[in-house]
Amino acid sequence: MSGGWQRDSRPLEGYFLEDFHHDRVFRHATPRTITAGDVSLYIALTGARNPLHCSEPLARSMGYKGCPVDDLLVFNMAFGKTVSDVSYNAIANLGYADVRFREPVYVGDTLSCQSRVIGVKENSNGKSGVVYVTSTSVNQHGNEVLGWDRWVMVARRAGAEMPPTVIPPLADDVPASEFHVPRFLEAGALDFEHTASARLWDDFAPGDTVDHPGGATIEEAEHMMATRLYQNTARIHFDAHLAAGNQFGRRLVYGGHVISLCRALSYDGLENAFAVAAIHGGTHANPTFAGDTIYCRHVVLARDTVPKRRDVGALRLRMLGVKNQDPAKLPALAPGEKHPAVVLDLDYSVLIARRQNP
Amino acid sequence: MSGGWQRDSRPLEGYFLEDFHHDRVFRHATPRTITAGDVSLYIALTGARNPLHCSEPLARSMGYKGCPVDDLLVFNMAFGKTVSDVSYNAIANLGYADVRFREPVYVGDTLSCQSRVIGVKENSNGKSGVVYVTSTSVNQHGNEVLGWDRWVMVARRAGAEMPPTVIPPLADDVPASEFHVPRFLEAGALDFEHTASARLWDDFAPGDTVDHPGGATIEEAEHMMATRLYQNTARIHFDAHLAAGNQFGRRLVYGGHVISLCRALSYDGLENAFAVAAIHGGTHANPTFAGDTIYCRHVVLARDTVPKRRDVGALRLRMLGVKNQDPAKLPALAPGEKHPAVVLDLDYSVLIARRQNP
Amino acid sequence: MSGGWQRDSRPLEGYFLEDFHHDRVFRHATPRTITAGDVSLYIALTGARNPLHCSEPLARSMGYKGCPVDDLLVFNMAFGKTVSDVSYNAIANLGYADVRFREPVYVGDTLSCQSRVIGVKENSNGKSGVVYVTSTSVNQHGNEVLGWDRWVMVARRAGAEMPPTVIPPLADDVPASEFHVPRFLEAGALDFEHTASARLWDDFAPGDTVDHPGGATIEEAEHMMATRLYQNTARIHFDAHLAAGNQFGRRLVYGGHVISLCRALSYDGLENAFAVAAIHGGTHANPTFAGDTIYCRHVVLARDTVPKRRDVGALRLRMLGVKNQDPAKLPALAPGEKHPAVVLDLDYSVLIARRQNP
């Protein structure tokens, strides 16, 4: 634990820009034991169908102690804890980097989370600035299950003294050579009879585009239940009375819910992509509101090997979350290119079994 | 396992009429371990109050290993798995037959499901046809927990070659002599103190009509969460953008959710009907949409004995799901008679304790 | 068990005023084993973040066998069981008194509930009257986990004979000397690292006002799911078709859901108030509907010691549930004073750790 840790009570109004001095550590409230109830709600709210997270016998045959918890449920749970401290007064979520999924999380595991300030910079308008944090979530054994960097634009109190500017280095990506692949993993046990698909690592090539067929119309009750499940407290998702006064005049859907929906929709086509290894970067390119219908396109960016494994490989993917438009009618987008229907543009890697020659 | 099983990946656009040749077997994706979270969500989404599924001590006193999972939760879970393969391109769900509830399902059991094509017939318009399948769901021990026949109208691709026409025999009903009643069952342990009702098998007679007092207004978030809980992927339930172009201009409520709501509403009056033994047939007679309020009428069709048991009997019931109208004001309907307010007309049998003479 | 218990089946239309003769006992239907699924849903529906109910290691370090179930989830579950018998034909919920939280409830415990009529009085209009009941909920060991008194206005059938009038004594409050504080409790184990707050018993004083920063806009799906989770069957919450004919023309939100939302919102400021000890009284001062945004103000009424404990104390609080208005802009309200934006006015006590001198 860093010497930067302070035992000041979190202020009810949350932290502001000038509170984020370099190296300050926040131990986030409410450690959480993940339960079977959380997993069921995640399925009901997102439509997740990855068999590894649904079938105990399958998970065991793949070498796990039981069904690991969906990587994005873990991500959202861990992320949610940081909001009260890091982004309660956020004006915008600017980016993610270096998101690494490590130890599997099982039902019964307890996740705690902390963040350290790695950078801070005032905007030229003097009313806000950018805060950079590195966050880690550990289980009850103290093992890290997830780590990530994130930067947000945070409001500044008038007249407060700013800490010195620090701009941190940020990773462009997580190298495939550093992906966490459990030693025990028997990737081949995830069979056609579990996924109804024989599409494996070998069948994908850079440039391949998959427009997934399903769509998910989001209701206010759904995104709020998901976001509360993660104990994410950002008021913009929950408080229509307050939101009536913002630039949109309404509540916003939490971006992590959109990521989860896209991952769930992409089961049809990426049936055998059983785990998320890393998120290299991403942006919530446009806001999502209740009533929007989310679709998903994936573009294969790279097919990577992982060290010491011939049975499992990685696909680096560009996930495009598309709203209120058939994704098959979306034009090809250059790297970083924006489009008014694209709400999510995520660069990440999944693990997927490789075809075994007899 | 049949020789009809094919290891072709499920096409992203789903199967069409011409893909359903006789005896083809589909092993449906995503085996599912049922959890306590699924059971809680089922209660929260349907209002189910059957004590057998709620109280562990009661379930044990009735001879079960623990609370068995609600029969209709099992049905919806099993049915949901078949949708991606069987009815992703369905135009209409035409009917059920021979639905048999067998081994009890407990929290922790893992359900898998497969279907075999037992019939196929092109419609005279050449654009669609009827597919008949028989489906079975087994637990992790390979024991069948549920079996059913079903027929659906499925779209045909233009120009595709049709398999030969086969029209299967379909059972009119499941004989009461074949109902699965667990040998261990102590029906008498379900006492007045659990149900607040002394209405038993002996108190019902053919022709009796019960108009249940409750009503359930359905919200979009509710029917979508229920349908996703079952991992049912039919787009008509989830995608408002796509549905805007259909004949209704909106999403449809999954018919199995309406069955579950009616079963839950009927607790007031059928408090001691602790299990569903069979569904003999049924139709979703009119569409249900979010905003509709569902009520339920039951008509007793028959009072049946079950083999070797004097403590438990069966009631054959006609379940009428009624929308936006007090069911008590519904006229008596002849067998098969339609009514614009009736959305569900189901012929099924429940198990219920018989009065014991001292 | 009282000799007042009757084995008459609950009538489908519910009980009316004249059915509540003094000392009549109702054993309420559907004993319920609380599961991890119930706990997850409670978090997703209310936003509860109390670490004692979320982290197994923390709960154990505080001396509990595991995470105890949130007191208000227990209250709502127990209360829900009474509705079919006590308030199915209620015109208004008039009040609570003497609500005592006793044995902790854990996942896996089974709650049963019964009520005894302690008073009944006809209104002068002859069409309704007041029913007073005392209710208790016990676990599977027969130990009382919760007890409370409640009075409701209930409709009378025309022409029915009234039982004799009995007006019971009602407690003004539960003395702090009678609060249930588990002997095993290690209050000091709830540390800053779990709650991100060092605000303890010592930091509050009578008259202190806390306007909690969050707000929760309620959707129809959410309040109905919560109310069904509790198996509360009051039609006014679920049946929009029936409600169209009532004075509001729409469904009402169950008052217990509003209490739970306020308790959850008040985590920011009362982070270390880990348990509810008693509810002394309270009223649902105005109706709440879907679309309303709920905020919460707390006023400290008293700081109480509890017998034989120097590590934990109690705060007596006035919880004001406020709708569609920033609570910070609410005027100070005299005891019992009403305000059109106040939907809930609750007088209750929480347990909270005291600062330990080294």
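Think of it as A, B and C in the order they're written, each chain with its own count starting at 1.
In this section, a contact is a pair of C-beta atoms (placed from the backbone, for glycine too) under 8 Å apart; a residue touches a chain by one contact, two chains touch by 3 or more.
Because the structure is predicted, anything quoted here is derived from the model rather than measured.
Please compute the angle of the rotation superposing chain B on chain C (C-alpha atoms), rounded to a multiple of 5 degrees.
For the C-alpha superposition of chain B onto chain C, the angle is 120 degrees.
Suppose you list every residue number at the chain A-chain B interface; are over half of them used by both chains (same) or under half (different)?
Because under half of the interface numbers appear in both copies, chain B and chain A meet with different residues.
Using Cα averages as centroids, what's the distance between chain A and chain B in whole Å?
36
Residue numbers in chain C touching 2 or more other chains?
In chain C, the residues touching two or more other chains are 35-38, 40-41, 219-222, 225.
So in the complex, the part of chain C that touches chain A is made up of which residues?
Residue positions touching the partner: 35-41, 43-47, 49-51, 54-58, 67, 192-199, 210, 212-217, 219-222, 225, 268-269, 271, 291, 293, 324-325.
Going by the contact rule at the top, pick out the chain A residues touching chain C in the complex.
Residues in contact with chain C: 7-10, 12-14, 26-33, 35-38, 40-41, 84-85, 108, 110, 112, 140, 219-222, 224-226, 228-229, 231, 233, 235, 238-242, 251.
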